[in-house]
Each structure stands twice: as C-alpha cells, then as structure tokens.
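The two complexes that follow have chain A in common; it is paired with chain B in the first and with chain C in the second.
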Partner chain A sequence: MESNHVLDAKGLACPMPIVKTKKTMKDLEPGEVLEIQATDKGSTADLQAWAKSTGHEYLGTETEGDTLRHFLRKAGAIEAEGVVIPEISLDEFKEKVDKNENLTVLDVREIEEYEEGHIEGAIHIPLGEVEQRAGELDKEDVIYVICHSGRRSELAAQTIAKKGFKQLFNVVPGMRDWTGKTI
Partner chain B sequence: MPVNSMTAKEVAKKVVNKESFFILDVRNEDAFQDWKVEGENVQYLNIPYFDLLDGVEEILPQLPQDKEVLVVCAKEGSSIMVADMLSEEGMTVSYLQGGMKAWSEHLDPVKVGDLKDGGELYQFVRIGKGCLSYMVVSNGEAALIDATRMTEVYMDFAQEIGAKITHVFDTHLHADHISGGRKIAETTNATYWLPPKDAQEVTFDYQPLEEGQDVTIGNTTINIQPLYSPGHTIGSTSFIVDDTYLLSGDILFIDSIGRPDLAGLAEDWVGDLRDTLYTRYKELSDDLIVLPAHFMIMEELNEDGSVSEKLGTLFEKNHGLNIEDETTFREMVTGNLPPQPNAYQEIRETNMGKINPDEEKQREMEIGPNRCAVR
Partner chain C sequence: MSTKTAIIAANGGLFDAYKVFNIATAAAATDQEVAIFFTFEGLNLIHKEAYQQLPMPQGKEHLVEGFKKANVPSIPELVEMAQEMGVTFIGCQMTMDVIGLEKEAFVDGIEVGGAVTFLEFAKDADVTLTF
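This part shows the complex of A and B:
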C-alpha cells in the first residue's frame, strides 16, 4: 500500500506506538496516509480502536516477518474551504449503472481494494494521487466519484473541484454496500 | 503521590478475600469485553489508554476517592503511563505488574487435603484463566495432573517440599491452554501419561493411560485410578485419588459441565458425555470430592481460593447433571455453545507436538477467558 509518511515504531512497546502515531498524525494533511511500522503485536487492535475513536481511517495491516505495517488515513475535512459536492445515493447511482447509461465513474480506493472488485469501466485513481493525475480526466464530464464508504470520494471530489471540475457527484455510501455487478 | 505496583499474586489474594477495589482497565474495549480481572466486589471503568493521551482530568470524577484504584493493561506499559498521570493529579493509584499477561500466568498452590498415608494433595489455581492443576505428594514422590506451561512453578514447589516428580498426567488433550506436562516429564525424567485415544496424532513418546491401570506414588498406596470418561474429548480420563478425590478433568465442573465440541465432534461425543456424567459418575460414591480442571466464575472458589465440591452435592445442584430428558441434554450441549477458546486449534497442535511456538506466541494463543464448559 502507498503512504505519504512512514513512522518507525519498531521495537517499541505499548503505549509508545500509539503515542508516536498520535504525534505524527498532527503533521499530516487530511486524506494523507501514514504507515506505522511496529513489532508490538497488540498494536493492530489498538490502532484500529484508536482510529475509530478519532475518526481516522484504518486501511489495513501488512505483515513482513516480525514487522507489522499499519496504514491509517488522516481524517479531516476540506469542507471549510467551501466546496460542497452534491451527493447521489448508491441506489439511485445503481439504477443509472443498471440502465447502461454511459457514466464516468472514478474509483478512488487503494489498488488492493479496487482489484478485489470494482464497477466495470470505472477509472481508478487512488485518493493520494488524485491531485497530480486530475489531468487524466475531462473537466466537462459528469463524474461519479466512489470509494468504500463515501468519505474518501468526498475528499477526492473536493480536490478536483478546486481544479475546475464542475459536474461531480459523490456516491454515498460506496462499494461497501454495492450489490451490483463487479469485475 | 507515588505510584504503587501490585503483583498478580497480591491481586489474586484480594479477589479470593472478596475485597472491594476499583479497576481502571485501559485496554481497548474489545479486549476488556473479552476478559478481565474478575472479582465479586470489583468495580470497573474501561477507558482505553489512547483516549487518555491528552490527560486524565476528564475521568477523575469517575474514579472513587475512598477505594483502592488499580490500573490494568495488557502488558503494563500503558497502565504505568496512566497511573503516572493520575498520580500527577494527586491520586494514589497502583498498576498491575506485568498486566493481563502476568494475571493470565499467575499460579497459586492451595492444599486441598491430606491423604491417608500422610501424603498431600495440592491444587494449583490459575486464577486469571480458570485452569486448575494438581500435585499428589506421598513419601517424597509427586505426581502432576494437568500441569500448565508455567512448568517452573511446579518444579520449584516440588523441590521446596522435598518431593521428586515421578509421574505426569494429562486427563485429556487440552484445547484451551498449553500443557506443561511433556516438558516437566522430560526435565525430571518422569513418566508422561496420556489417554491413547487423545494422543493418536502426537509426535512424541508417552505412556498410554488406560482404565484399570493403577499408578502408585510414593512407597505406600496412593492410588491414582484412571477412569475412562469420554465426552469432552474421546480419550478424556478421570482419576480417583486415594479413594477420596475425583479429578474430573474437563468433564464435570462445579457449576457447569464439559463441552463436547473442541475437537470438532459435538454430535458424536454428546452421547459419551451423557453416559459418563449420568451413568459412570452416578455409580461412584457420593462422598468423593470433585476436583475439576477448570472453573469459570469466581463464585466457584471456596474461601481458601480452592475449587472443590462433593460429588453428591453436584448431583443435586449442578444443572448439567439434572437434565432428565436426553434430547434436552443433547440440545443444551450442542445447540448453545459458547465461543470457542482463542486459537484452540493451534493450542491442540502445540499439545500434540506438531508445532512449537515460542513463549511470546504461546502467551498470545492463551489470551482470553476459559471456555471449556456449557452451562
């Protein structure tokens, strides 16, 4: 999994991995991903619970030998900047997909999530890369932005709205509750 | 204000004496829900340590001023941090040394009786996990039954009382905790006995334990009579010691009975379980004192911290021995089973010698409460 920052908490015992994560998280921008490398086995459950209580998004843990690589996406909204993205419900969106309307769907989940199953024809750009790669999209298109739950897609839509995209819809919730076809 | 540290032994004593104290458990909520330090007069507050990183002021009103406060976490690091913060706010608090890990591993020997020839029977109470193991001592020799992986505790104890461990038994292949039996037998050159029907996949040598095969401890006659009592596992074997004590393994507990599913065969074994409890045990003397391999709740502890009850009393009071209808019994022990113990398959494989996890991994596998019973 890609990350914006890496925190080395290897060899540290509880509570230090979380104490350090909390400190490091302060320096991240909303939406950025922090990788925490830890060897304390209790860190997985604790980071998950901590993320839940703080609103950060726990993306998963990869194991490499004795090292656990945890991924957290920083919470926080850019709403304060005044960009409001209209929402479309998953049901309404599904109707459009089912009717074979020629939709532009932007899936901003991580590559692993995308590969597990996505809507046919969806363009894949993970949230972390949306800003640099917005040029791959057409500003005139109506774009339906989707992720797992609807939060990352909102951030992604806000990011590209600032680049002049006008016709954006955030699909809420996201692939989490998607019952339609995936490939 | 200084921060005090409290050992698992001290906490166990408080629990046995039914003392009233307050636990601030700073593990995450799932861990706390799963298992905790239990006590009849213990009050709890569970706030994960990571919610207290910015300070403890907010929880101060929730902590009692007139009671001892014990801060508990998984391994102790977080509890020390939180205890320090509380101390800076002027509170006197303690933390549990070694955390839940130490609590899970703490063993207390309690003498449960004198044997006819002058020997003694000890019960080792693993209070945090509800495991009970036994040492029969006679004339300088000792036998161990259902020893846990904290092998040094038994070996040190035997040395202290001047006994040599000559026989080591497991009543069955355990699924909830890692047996120390084989290691102790290897270290002390004792004979390691296992019921052969539970030992079909083991990777080491053992002495097959069969009914009618008395083992004598010491040079007098402390008989350990194996009694084949299938149901929890197919090989489960009970012991009658000195014609007085019935070591019932995981078949019969004080307030519950064994579950038949931990080797995956509930439907097949429920009949054996019924037969053992309602026929084989029924034929035994009501005066036998039942000494099980587990307890589930603190109410099962006697005043001295031991766990025992007369067989006759259990036939009157234990719900699991009083279900006349066989179909109802069948439904109870197959239909309404509690969650299985943490990592129970890996624990079984470890006890068979198939895998050899390191100590840290063994600890982790054993995390959680005891779940060998159905009520």
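This part shows the complex of A and C:
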C-alpha cells in the first residue's frame, strides 16, 4: 500500500507506538496515509482501537517478517474544509455511463482497488496524489469523482476544488455498489 | 467527542508507575482529557529524585532484564510525554503537608490541590481508575 509518511516505531513497547502515531498524525494533511512500522504485537489491536476513537480510518496491516506495517488515513477534511461538492447518485451516474455520454471519471482509490475493477476510461489518481497531480486534469471539464464509498472522492473533490475546478460531482456511494461493467 | 479519564495514583512502586503512566499516555494519545491525582505513596511517581529509581516489588528484581529487553520507556520519559500531551498532574496537598514536602520537590508543571480538586474533574469522567 502507498503512504505519504512512514513512522518507524520498531522495537518500541506499548504505549509508544500509539504515542508516536498521535504525534506524527498531527503533521499530516487530511486524507494522507500514514504507515506505522512496529514490532509490538499488540499494536494491531491498539491502532485499530485508536483509529476508531480518534476518527481516523484504519486501512489495514501488512506483515513483513517481524515487522507489522499499519496503514491509517487521516480524517478531518470534511468538517475542516467546508467546500460543498454536489453529489450524484450512483444510479443517475450509471445512466450517464450507459448512455455513453463522454464523461470524465476520476477514480481516487488505491492502485490495488483500481486494478481489481474500474469503469472503462476512468482516470486513476489515488487520493494521496490528487493534490500534486491535479494538473493532469482539465479545469474546464465536468468531472465525476468516485471511490469505494464516496468519502475519499469527497476529499479528493474538495482538494481540487481549491485549485479552481468548478464542475465536480461526487458519486455516492461508489464502486462498492457499482453493478455496471468494469475492466 | 472528548472523553475524560480520571486516575488516582496511591502507590509508589515501579509497577504502579507503569500502570498509571501507560494508561495515562495512551488515553492522552487518544485525545482524551486526563488528570492524575497523586496521593500518599503515589507522590513518589512524580518526586524529582524518587521517580528515577522506583522500587520493584520484592522478589521481582529479575524483571529488570525484561524491562530492558522489551525496550520499555523509563518513568521520567513517560512523565515527560504525559505532560507534553497535556495530562494534568495533581499533587495531594494533605499528603505533602504530612510528609513535609513543597511543590518544588516534584516535577515541574504540577498542580497542588485537595480531594475536591480531583473530584471536580472526576465527577463527569467517563473512565475512573485507581492504582
């Protein structure tokens, strides 16, 4: 999994991985992903519980030998930004796709999710890279932003709205309930 | 969404210190508001000299190795971390009077108060613990 920041908490005992995560998370932007490398076996359960009570999103853990690599996405953008992105329901969006309207679809999920299946012609930029790669998109286009459930796509749309994109739609919920064709 | 955790530290051994400060730092790291009331022997846990070499329980001295191996932070380190994250330390005035110590004998940044000071904080706490 891709991350924006890596925190090395290897060799540290409880509660240090949590304390360090808390401190590091402060410096991340909402929507960014933090990778925490730890050897404390209790850290998996602890970080899940921590994410739950602090509102961040626990994305998963990968094991590499003795090292546990935990991934957390920082929360907070929706409340903090206040940019309202118009939503379009998945059904309405599907009608447009089915009618072969020439839509610009931006898929902001992680690469693994995208590769498992996406809408034909969708542009793929994971949420964490949206800010720096916004230049690849045309500001004049009507862009339909999609992710798994509609949360990351909202963050992504808010991020590029600040860069002057005006015609953005957040597809809600997202690929989770998509019944149309994928490739 | 702020949760409040109120802790009473009434014992002065090394194990007691870890119980108190591990829970306190973990709670503070989880965005909880935390206050610890240090009373009787619990005051050792924040005493400038005493907290650097708190006693192991009798017969457990061999665990010194284990603490080193597990890379457990020292008590002064945990105290500093807790304070950095905004944990409130309240020293018990009455105990301090009894043992004849002033605020200066303890780590910087503590408050001194009586039982009511703690109760005021603890009355609407979501978690209350005694060690």
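We adopt the following convention: the second predicted complex is superposed on the first by the 178 of 183 C-alpha atoms of A that agree within 3 Å, B and C clash if a C-alpha of one lies under 4 Å from a C-alpha of the other, contacts with A are read in each partner's own complex, and residues count from 1 in each chain.
In the analysis below, a contact is a pair of C-beta atoms (placed from the backbone, for glycine too) under 8 Å apart; a residue touches a chain by one contact, two chains touch by 3 or more.
As the structure is a prediction and not an experimental result, all values here were calculated from the model.
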Quick check on the superposition: with chain A as the shared anchor, is it clash or fit for chain B versus chain C?
clash
Considering only touches as defined above, state whether A:K41 meets chain B (first), chain C (second), both or neither.
first
Based on the superposed arrangement, let me know which partner A:M1 touches: chain B (first), chain C (second), both, or neither?
neither
Determine, under the contact definition given at the top, whether A:V142 touches first (chain B), second (chain C), both, or neither.
neither
Using the touch definition from the top, say if A:M16 reaches chain B (first), chain C (second), both or neither.
both
Figure out whether A:S53 sits in contact with chain B (first) or chain C (second), or with both, or with neither.
both
Overlap of the chain B and chain C footprints on chain A, listed as residue numbers
13-16, 18-19, 22, 46, 50, 53
Residue ranges of chain C touching chain A (in the complex, touch as defined):
1, 3, 22, 25-26, 29-31, 70-73, 81, 85
In the complex of these two chains, what residues of chain B are touching chain A?
28-31, 48-51, 53, 73-75, 77-78, 81, 360, 364
Contact footprint of chain B on chain A as seen in their complex:
13-16, 18-19, 22, 41-42, 45-46, 49-50, 53
Going by the contact rule at the top, pick out the chain A residues touching chain C in the complex.
11-16, 18-19, 21-22, 46, 50, 53-55
